[in-house]
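Dropping the structures in below, format is structure tokens.
After this come two complexes, each holding subunit A, first together with subunit B and then together with subunit C.
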Partner chain A sequence: MTTTTTPSAPPSTPPAERATGKARGPGKREARWGMILAAPAFLHSLIWIGIPVIVALGLSFTSYDMVTSPVFVGFDNYANIFSDALFWRAMRNNLVLAVVGIPVSMLIALVLAVLLNRGVRGQSLFRTLIFLPHVTATVAVALIWLWIFAATDNGLANVALSFFGIDAQPWLNDPDTALPAVLVVTIWQGIGLKMLIYLASLQGLSPELYEAADIDGAGPVRKFVSITVPMLRPATFFVLVTSIVANFQTFDLIYVLTLGGPANSTTVITYQIYQTAFQQLRMGLATAQSVILLLILVALTILSRKVVGGTRGD
Partner chain B sequence: MATETPTLPAGAEPISARGRKDELGSSSARGRRRRTNVLIWGVLAVVSLVMAAPFIWMFLTSFRTQEELGMADMPLLPSSWRWDNYLEALDAAPFATYARNSLLLAMGQATTAVVIGSMCGYALAKLRWKASGPIFGWFLLSLMVPFYATVIPAFFIVRYMPLFGGNNILGQGGTGWIDTWWALIVPAAISPFLVFLFRQFYVGTPTELIEAARIDGVGEFGIFARIITPLIKPGLLTVALLAFEAGWNNFLWPLLVTSSQDLRVIQVGISVFRQESATQFHLLMAGTTMAAVPMIVLFVVFQRYFVNGFVSSGIK
Partner chain C sequence: MTISRRALLGSALAAPFALSACGQSAGSRPGVIRVITPDFAGTDRRLVLEDEILATFQGDASTIVDYTGWDRLNEKLTTGIASGIIPDAIMIGVGWIPPFASKGVFDELPDDLFSQFGINDALRPVVEFEGKLHGLPYITECRMFMYNRRIFDERGITEVPQSLTELRDLCRELQDGELLPIDIFSNNPRQSWLHFMAALGGTLFSEDGRETAFTDGSGAEALQFMLDLVADGSADFNRRVSPGQPRPWQREEAIIDLTSTGEWPNLVEQSPALITEEASDFFLMPGADGNDPVLYLGGTMLALAKDSPNREVAEELLHHMFEPELLLAAGNANGKLPPVQDLPPDPDFESNRMGVFSNANYDYAGAFEGGSAAWMEIREQVGPQIEGALTGQQGVTETIDNLARISNTALDRLT
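Here is the complex of A and B:
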């Protein structure tokens, strides 16, 4: 094919080729270079995304332990998953983290964005500090929180509680407090990016709306509720969907903080996939779990594209 | 429709102040405004402090003595700043090697992403060829695929890579790419999102310039490399930084495909160190500081370019 013959084509075109027909020559050359330039990235995504998805689909109907060859088992893996209490536990934990954590961090992010948009002194420093948790590696972040949630009296979380006269908590050592502790970390880490997206959208709002509201004598709360919030609806929807997608891919945090425990109280779907595949070597079952995760996230993304496509037609 | 999925309408201009609308307001209104600004400043300062508190706590802990960590009434600031914690941590685990590996990995990924991604982004945005539409559609599709849906088969591809690591032509008999730089760099060389980002950057460049260059007899590759790509230098930096960040912070993939200490990256390194040094939080926090600070510094220096990329991504 062309790929093999042209990578070292001379940068200048022979004049003869330029002379013959404007429509065909350059157009053909353009098309050829389009293919050549796109080929590496395209082939890469084919090998590392396309083929793996197909292989995962195929393996999800087999039993495979990496020692003996895969054995076709039909829908057994999927049937197993639906009756697997642990998988549902993981799903439930993901949902708890999403349903409780995302609205809280979105609300905090929105308020912070509005405040930062006022242009008070030092706002760029504030913005940096609020965003830091997002750029820092989740493993590092998780280790810090591991120490903050130390069950001893001098873990920072317990120091803070004692300040309010509340007894020290076991945090990550207790099934009742472990998930709330994880939730706190996800909220803390999730605020920065949401704030940034809100801030970018706020800057796109026209000042005239606010000026008109000023003339009408609307107070700051009124302006926030009647102008800012409705105008930010597309951004809110975008933040919501990307947050849910990111939430379903929480892994590093759980791996470092809790290993899904205690008593599976903090396990999530990605952690179950990891456990099933790389600890138990039940590759067929694990790929079936990953296919379910894929279906959930693809459905969410398609839904969001439909809805956003509908609301953004201005 | 689909073309504008992950981007936001407002782009990502450096964030500026709106403010000062009512300059003509009465002095009492100005006074009120000043008071609310002080209030807002106070709220932001408190929130920022809370957001930064874990990092400050990490930093302070990394200088404490072990005895101090055991005290019931631990002082807020370390009673003496013990720099030796860092030396001890470096002694307990080869953090310098881990950091070097992470740096190589991150720089490798930044390079491949910029080279491969810019080529593809340009071809999709600026060149007319038959498959361009379907291939762009393919990238949008693969954008939706989570890493966790491909990680198991990708692991098999690495493990059964033919003719590597003692494998025969069918990929049997050896360990393939396991425990090699190939496994660390190649699968993460480029992501659909970065291709998408590049395409968006190139869409904004002037097509007339390409046509003029063609008339002047500049070759297609020359137009791409020497005329159009220099126009999106900030975009190149954004992609390089995002790829670097992904490489430096990556955890699960290096954990799966490497086992030897020589190839261990820093995030895996501190996680393993934690299992080995269970309660020595002062050393653990020294190691964590070493793993976190390079990214923090890079972010603070290149903040604007990061923000540019993050706002268009929405996902880490």
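Here is the complex of A and C:
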């Protein structure tokens, strides 16, 4: 048998106490419990994020090869980065992938979400198919695209071109086509998650707004532009920020697909950091590059907030 | 307890070093030999290492094997060193000995091991640092040209080229139809460039590993030779394939392939009709006029950790692993070759025509990576520069200048 007890309502804080802002009795207890419950997450963040970030910051001022002891070099690593053309080439590639890839994939995701939100037949199947690239291991995705972009006549992309009488292209072997090819893969892989976020947001929109617009005689385009898009602003901000961060974290795709080549034409910052750290064994320089990347991501997040208007839907 | 901000920051900075200190005791320990290897991947190969090679070791220690891929070896090794977990026996690539020996990670080995084990002296430079032995070639991987014999016969070609000039002429002669005369790009472009440079008598570094040597003209000439093959229409960078994909030679789209013994297992599996004596044959990279031909030497080297608490037993293990039968087992399992030429009969090895050809030509093993303690820092920056020239992004002079700048900057950092 189960006995249930109705919890007694918490005693309300006297108005006078509320006015003075002093937390006493149950309020203080609640705050203490809050801190206790938050402590594991705080400790986790401190140990696995806070300390490594501080240590990385310290290492960025050293010359460290992981075998011999670190040597303090002041701002030398940062000076090296600013004169390193390869680092800025990687940055440029990341920006191309972000500036072109993110808006395109967001637009496709939004259109797909709106279509799927209209209750089309087989909606669940379409949703799963569109989301599938996101949950598939990037290494597997890259291997499939390696075959698609194979420079031979048997590569799927070249087979498709041959139907139109176009010669086989050396997709990943040509510096001029390699980055666009990588861009296609990142767009394709990024649509699923964005679509899902937009779809969830669309399903949370109040139908009354659309009913009111109908009464006012608004057409589908007007409703999309004046209601759907503004109401999706928090979702857009979230999608934008997570996409920017994900873009600057792209590594495994490049590692399997191109190794940053040919001639560094597809190298990205994380790949350069990996190369510097674990191939060249210049850990101090690699951590300085990581610090720069962190600062860029913070700046881009702030910029996104300004442009899109943050997480508030108003 | 109150923790000041200074104390907190101090602790944060000290924590990793404290963890490193803890790692020291968790690393090598007496009585247990730790071996790290980028080879022997997959269950069958592991069984060869563990059951055939290590299980038969009678020394006073048990063994633990740490398997990792070639792409992660450097990362795993250096993070292991940083945290004090240094394996006792370390398998590494060609070019890795000087960088790690210079930092005191690899120990010096007795100089007479080459003669004791019957290893060809031509392989010696790849395991030396400052004139002393710091490792041994364990199982090698060699590069040479493989050609389609049927096409040679059809065209009436009976002689393989004896010089680079003859190689270029031969490629011109093979230009008709859709077949590519030669594929030199499905290989790693860095290694192809080094191979051509060695044929021209060039090396990456001076003998002491402290100066850039490819700026003597051989580096530029090698790169120009590769570009000339492209300009002739004999080679095509755009038709190279990614590692793991069937090569143009396998698809019978190329007549000659600059290939490696590491490809033999793939050929056996994927193109058995192309590897018979009637279908294909091999020749070494011919030298520039008057020079000897050149075999490119890669593969797996074996070194012992300097700070190993099991140093003596580790050397006993090394002696055990260099038993000819066990070298053959290791080589056969990994598609590589024993570094010794006096071998007992072994049907598996003898059926590897590419391996037998390379093994018989160790005397010409004159091309290899490395040669300087700075090589690890330079290594991954060479390929993109060579690709830059091959794709027309930059000229030969600019490429060699860039490579020289990268090399000199890294060499300047050597203490």
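Definition applied: the second predicted complex is superposed on the first by the 249 of 314 C-alpha atoms of A that agree within 3 Å, B and C clash if a C-alpha of one lies under 4 Å from a C-alpha of the other, contacts with A are read in each partner's own complex, and residues count from 1 in each chain.
Methods note: contacts are C-beta pairs under 8 Å (C-beta built on N, C-alpha and C of every residue); 3 or more make two chains touch, one makes a residue touch a chain.
Predicted model only: the values in this text are computed from it and were never measured.
Colleague: By the touch definition at the top of the document, which applies to A:50: first (subunit B), second (subunit C), both, or neither?
Modeller: After superposing on A, A:50 lies in contact with both subunit B and subunit C.
Colleague: Between subunit B (first) and subunit C (second), which, if any, makes contact with A:223: first, second, both or neither?
Modeller: So A:223 meets neither subunit B nor subunit C here.
Colleague: Could you look at A:173 and tell me whether it touches subunit B, subunit C, both or neither (first, second, both, neither)?
Modeller: second
Colleague: Under the stated touch criterion, which partner chain does A:67 make contact with: subunit B (first), subunit C (second), both, or neither?
Modeller: The answer is second: A:67 touches subunit C but not subunit B.
Colleague: Using the touch criterion from the header, give the chain among subunit B and subunit C with more contacted residues in subunit A.
Modeller: Touching more residues of subunit A than the other partner does is B.
Colleague: For A:261, is the partner it touches subunit B (first), subunit C (second), both, or none of the two (neither)?
Modeller: In the superposition, A:261 contacts subunit C only.
Colleague: Is A:282 in contact with subunit B, with subunit C, with both, or with neither (first, second, both, neither)?
Modeller: Once the two structures are laid over each other on A, A:282 reaches subunit C alone.
Colleague: Just to be sure I read the superposition right, which of the two partners does A:151 touch: subunit B = first, subunit C = second, or both, or neither?
Modeller: second
Colleague: Go through subunit A and flag every residue that touches subunit B in one model and subunit C in the other.
Modeller: Common interface on subunit A, subunit B vs subunit C: 50-51, 55, 146-147, 150, 278.
Colleague: In the complex, go through subunit A and note every residue touching subunit C.
Modeller: Going by the criterion above, the answer is residues 50-51, 54-55, 58, 63, 65-68, 146-147, 150-152, 170, 172-175, 260-264, 267, 275, 278-282.
Colleague: In their shared complex, at which residues does subunit B touch subunit A?
Modeller: Subunit B reaches subunit A through residues 1-2, 4-6, 8-13, 15-22, 36-37, 40-41, 43-45, 47-49, 51-55, 57-58, 61, 69, 71-72, 74, 116-117, 119-120, 122-124, 127-132, 135, 138-139, 142, 144-157, 187, 189-190, 192, 195, 214, 217-222, 224, 245, 248-249, 251-252, 256, 267-268, 270-271, 274, 281, 284-285, 288, 291-292, 295-296, 299-300, 303, 306-307, 310-311, 314-316.
Colleague: Can you check the complex and tell me which residues of subunit C touch subunit A?
Modeller: 9, 12-13, 15-16, 74-75, 78-79, 81-82, 99-100, 103, 105, 237-242, 245, 248, 251, 253, 376-377, 379-381, 383-385, 387-388, 390-391, 393, 413
Colleague: Touching residues of subunit A toward subunit B in the complex: what are they?
Modeller: Checking each residue of subunit A against subunit B gives 9-13, 15, 18, 26-27, 29-38, 40-42, 44-45, 47-53, 55-56, 59, 108, 112, 115-141, 143-148, 150, 153-154, 156, 188, 191-193, 196-197, 199-204, 207, 210-211, 214, 220, 234-235, 238-239, 242, 245-246, 248-249, 251-252, 255-256, 269-270, 273-274, 277-278, 283, 286-287, 290-291, 293-294, 297-298, 301-302, 305, 308-309, 312.
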